[in-house]
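To start, the structure under review is shown below, and the notes come after it.
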Amino acid sequence: MSRLLDRTGVVIRNFPRADAALIEELGTHGVATIHEAQGRKGLLDPAIRPIQQDHGISGSAVTALVAPGDNWMFHVAVEQCRPGDVLVVATRSPCIDGYFGDLLATSLQARGVRGLVMDAGVRDTRTLREMGFAVWSRAVHAQGTVKETLGSVNVPVICAGQWINPGDIVIADDDGVVVVRREEASFAVEASRKRAAAEEQKRVRLANGELGLDIYNMRPRLAEKGLKYYDSLQDLEGEAEGST
Amino acid sequence: MSRLLDRTGVVIRNFPRADAALIEELGTHGVATIHEAQGRKGLLDPAIRPIQQDHGISGSAVTALVAPGDNWMFHVAVEQCRPGDVLVVATRSPCIDGYFGDLLATSLQARGVRGLVMDAGVRDTRTLREMGFAVWSRAVHAQGTVKETLGSVNVPVICAGQWINPGDIVIADDDGVVVVRREEASFAVEASRKRAAAEEQKRVRLANGELGLDIYNMRPRLAEKGLKYYDSLQDLEGEAEGST
Amino acid sequence: MSRLLDRTGVVIRNFPRADAALIEELGTHGVATIHEAQGRKGLLDPAIRPIQQDHGISGSAVTALVAPGDNWMFHVAVEQCRPGDVLVVATRSPCIDGYFGDLLATSLQARGVRGLVMDAGVRDTRTLREMGFAVWSRAVHAQGTVKETLGSVNVPVICAGQWINPGDIVIADDDGVVVVRREEASFAVEASRKRAAAEEQKRVRLANGELGLDIYNMRPRLAEKGLKYYDSLQDLEGEAEGST
Amino acid sequence: MSRLLDRTGVVIRNFPRADAALIEELGTHGVATIHEAQGRKGLLDPAIRPIQQDHGISGSAVTALVAPGDNWMFHVAVEQCRPGDVLVVATRSPCIDGYFGDLLATSLQARGVRGLVMDAGVRDTRTLREMGFAVWSRAVHAQGTVKETLGSVNVPVICAGQWINPGDIVIADDDGVVVVRREEASFAVEASRKRAAAEEQKRVRLANGELGLDIYNMRPRLAEKGLKYYDSLQDLEGEAEGST
Amino acid sequence: MSRLLDRTGVVIRNFPRADAALIEELGTHGVATIHEAQGRKGLLDPAIRPIQQDHGISGSAVTALVAPGDNWMFHVAVEQCRPGDVLVVATRSPCIDGYFGDLLATSLQARGVRGLVMDAGVRDTRTLREMGFAVWSRAVHAQGTVKETLGSVNVPVICAGQWINPGDIVIADDDGVVVVRREEASFAVEASRKRAAAEEQKRVRLANGELGLDIYNMRPRLAEKGLKYYDSLQDLEGEAEGST
Amino acid sequence: MSRLLDRTGVVIRNFPRADAALIEELGTHGVATIHEAQGRKGLLDPAIRPIQQDHGISGSAVTALVAPGDNWMFHVAVEQCRPGDVLVVATRSPCIDGYFGDLLATSLQARGVRGLVMDAGVRDTRTLREMGFAVWSRAVHAQGTVKETLGSVNVPVICAGQWINPGDIVIADDDGVVVVRREEASFAVEASRKRAAAEEQKRVRLANGELGLDIYNMRPRLAEKGLKYYDSLQDLEGEAEGST
């Protein structure tokens, strides 16, 4: 598959999507939880930030690779989108131009697309928020783009430091964006469910004033590593002076 | 005029302002629309960001050039402002100190000024939002400044990468800040109006599910450039292997 | 004291805290006011930003020093916190991992801690806002951390460019974070109170349209430094040409 | 293969390496040439910079994935290296600590390794230059690391934005770092050779004063796109005024 | 003139160049000296750095405006260059692609051009140094560009924060890049000469151990501003304690 | 002492300096070695970089605190310097102006000062290299500064993230800058000597092809943590599939 990475000038029409129920359930867990649950992998560069607050999505990735300053491929990508998809766009070299605005969002929304993850800039952000079209991007920039150079749609891309295949599941919220491999969706759902349940239990105990030190039985290992307690800075200072 | 750029120690009292109706109408169009409409020029560095959300302004520029870490010229500039103006401030070298806070905002607001565009830092941001005084800046920083070194008021300045003359029109919203030359105001209004109307038409068609590929008749040119469609990644992979 | 800076592997249990009333009153003044009032010192790096808007806190610092990518010491620190404290965390080298999330916040909230100032990344930001637990951090990042390497609790730390002792007072709002030495709390309160009163007077005069130029009697000193007024750019241009 | 990305806690002992002669020849072409020749793909983030000047290498990638601030896996990786290899190291989250210094370089050099490509920091840079051990890194930082947390060796990694498999070919020079897939090595050599030959011909013509405009026959297409020539700025200004 | 800024799709063939002797003499002064001498103006963004060390140039600006990721206009610009020129290139939006390499340098060198000032990326840097073709740029990046979109040649541009007209004089060295207006060349030469002479005198006195405090008679003004001398930190600490 | 941090408007004439022989010997060890040897503390922000290559210094710190864009205090500081000192300069808020150039370097060199560590910008870098005056700074910038606002000399400062007292020892080389407390100089020398000797032994063994895995006996602990070896990626892939 890595031979197809960065292939330019091609559009792939079909690819398997994960089960809709799995995608939905992943959307009920946060990005941080899923990232931990699947073994701390799949997290995009934290420079990719949401333009809206307190909102999360999950969906099946449609991928696009675009040239710097050129948004032609967005129009090609729209046609390949289905309800429940998330459009994921990588650039062939770093660029923060505003590739995407309210017209393209209208078109994607008409096809049932849930949001955009974009390793570049977007614009019309106020309108996008008013439309309820969710966006994660590297920048907000009113600078427009041209339509001169081919890219690709639905080839594997590296977007913000993560390999993303068409059909992989993308979850995005206020903490960032994580990708789950399509074939690992069941595993990720199961693991996230367990982690969320375990966290809920701990939350109750912590809220009641129990300490993580005790819940996780950390004290012996801390002592073994050499952690020392002092009654005051003066005590520590005295010891330090004595030992010099 | 370029000889006056960066001239220090001078204040210009009078300069022509654009027609108020033109300024108002520009304020009804977004920064992205105006930037496109006037031929993709006049956009300030996207590092200049609003401290408030979902709010836009337009106004006639009063310009100030200040020394790093020195906000003396703000007080000189206030006196030169009139209702409907926007204060545009450039620094003589990069600086993110908090030059501007709620007292200066009170003074500008008392004179009918609509907002501040600042290539440096500001502070008292919560109070500024409560006052409804709109600000775009490079940074938020509580660090204060001194009053020791002269700058200028109402000379042409380069602010965040754009030449701005006193009397030029500045429009700012969530996408950034754009400058329209005073003498090009009618043209920009006309072009923005046309563009907005055309976009509205397209929006309706896109919302109805028509594709940009068809609306803009992109398919023949994409084919001519060599874009190829495949039914699946396997098809592409097969072809790639065959051709090696 | 500087010998204790960056000491690893120690926990200090007791240290003097400032009078609660002084801490409260500091919380009523903004970061910018306190920074000015105490002689323009104590401001943390402006890269430390709040995850919530229009909210401020003040509290007594509990300090922690942590290894990069390792949040073990948070659990040790929680036990040392009392109602009214603010947890201040420095890293041993630059890191933006998400050290802190909703579980640790639940634990701190259960102990009456008012917020977190963190020279690294945090996660679960939406939940943190919903809980009303205030956070200032260098980054938002879902990337988790390990629990393998010791740090320290309640040694003096340098956090975001400022020396902070346990028991120093930390005030944080939308403008950033400032530290007031414990032993200078009375002075800082007094000075902030005076400054706020003076600013209130000026605000009234400025709101009434008086100019800072007159209130502060700036005109003579501006003239002495050589500031010149011109009726128009043409006048200045004419003079410039004449003088070449 | 993408299921193995970011797998932690594993070491792969064997993988195919490309033919040594192909690797050597790639080393005679520059990074820019190879990047172009293989279809503009495989370029690492330009933030990865050499610590030495005017020096290039090529080699077979041994990959390592490390935790932030933890260089334990370097020692595991050394054992897997053979003469002619280049060690490529990715971190599990962003970190600029100085993972690598002269001792590890001595060990790698003893095994015939040609250099290091590192998406983090290095130290002992003066000694590294004196030893003639070539390094490309994101930062220079004296900050040391610990040995507590597992990573992996010879799994596929994403390093500085590029997917790299063990056995892929890495070429690095003053312009940056490019990866060539092992199975595309012949193709890349052939294409680079052609491109270099073509460039040599053009260089001779350009050095003789011929213009790219003529060599590439650009004039008709420029005219078709609408490029207009004016004798002076005044001519253009006159036309602009006339048309308003 | 500001109406011509950012005009796209035009080439200006002729413009006045400054006297060659003035350009030469400016080249004998450093960027820092000229910047000071002409009243601290004209300095480009310090992010523009040389790819070579200990080398300086001066020349008459030929300007180009290019699209992001598109170097077509370089070929158009080459034809407009004459011996002694420096090519100055601005981009229409931020981009760090490698627009420029050894082939274009060969072409410019064949026409007697002295160097390139580029608000974007360059490549083939080792070869450029070997050729002795001097370059100042925002980045080094092997990423190539396309030839699809028009820009302009010899319109006024804003390059790295400075307005530059064709025919303005550009001086570049290890400290950065400064522009001198063509019509101010004599003034700048004269002022630089005076400043250099004055600095030479001071250098001799400073080298002999005289203090700037005495040469510039700073002591009275420092005292007037309130500077106080203490014999030791203990003296200052004692005073501080007494005054609290 | 922390009460004196950031005190403005004062100059301290006398403070104890460390033994010259200790300072000399620290200069023979690298920054990375000393940083490790004294317990991984004292390292300045890696953004502070040398303007020269392959050169190191050590010396006794004379500290200065300066206002943004104002280098007045340099002249005050020069008078307080003695042979063997290193001038360490912090700014009151972030600034990259070129505070320091060849004239001030001439003055410092005349007093036997060994170099400058500066959390801001410098200029005249080519001349500084020719003079052999060593500089570490955050930026190179030709932008000059004014002389209007007081700072301090020889108060404790936080420079690039580290507390530095006058009389502390500063060591700087290609890897960065580290501070050693004056009172810990003997300890740091002793610890660095031991570390260097131990490293020398290891270097010989590593150069002979012994592995760190064996020298440090890492294999058992790696196994205990769960590191697994596989003969090939296929083996790992097979196992992964089996376990899903």
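Per-chain numbering from 1; labels A, B, C, D, E and F assigned in written order.
Just so we're on the same page, contacts are C-beta pairs under 8 Å (C-beta built on N, C-alpha and C of every residue); 3 or more make two chains touch, one makes a residue touch a chain.
No experiment lies behind these values; they were computed from the predicted model shown.
Taking the mean of C-alpha positions as each chain's centre, the chain lying farthest from the centre of chain D is C. For chain B, the chain with the farthest CA centroid is F. Centre to centre, using the average C-alpha position, chain A and chain D are separated by 26 Å.
If each chain is reduced to the centroid of its CA atoms, chain B and chain F end up 41 Å from each other.
Note: centroid distance chain B to chain D, computed from Cα atoms, is 37 Å. Across the assembly, chain C contributes 1, 3, 40, 43, 46, 92-94, 96, 141, 143, 184 as residues in contact with two or more other chains. Of all residues in chain B, those touching chain E in their complex are 1-3, 5-6, 8, 39-43, 46, 92-94, 156, 158, 161-163, 165, 181, 183-184.
Those residues of chain A that touch chain B in the complex are listed here as 1, 3-4, 7, 9-15, 72, 74-76, 78-79, 96, 98, 101-104, 106-107, 109-111, 121, 123-127, 129, 139-144, 147, 150, 154-155, 166.
For chain D in complex with chain C, the touching residues are 67-70, 92-97, 141, 143, 146, 148-149.
Only residues 30-32, 35-36, 40, 43, 46, 49, 53-54, 56, 173-176, 178, 199, 202-203, 206-209, 211-213, 216, 218, 222, 225-233, 236-237, 240 of chain C touch chain B when the two sit together in their complex.
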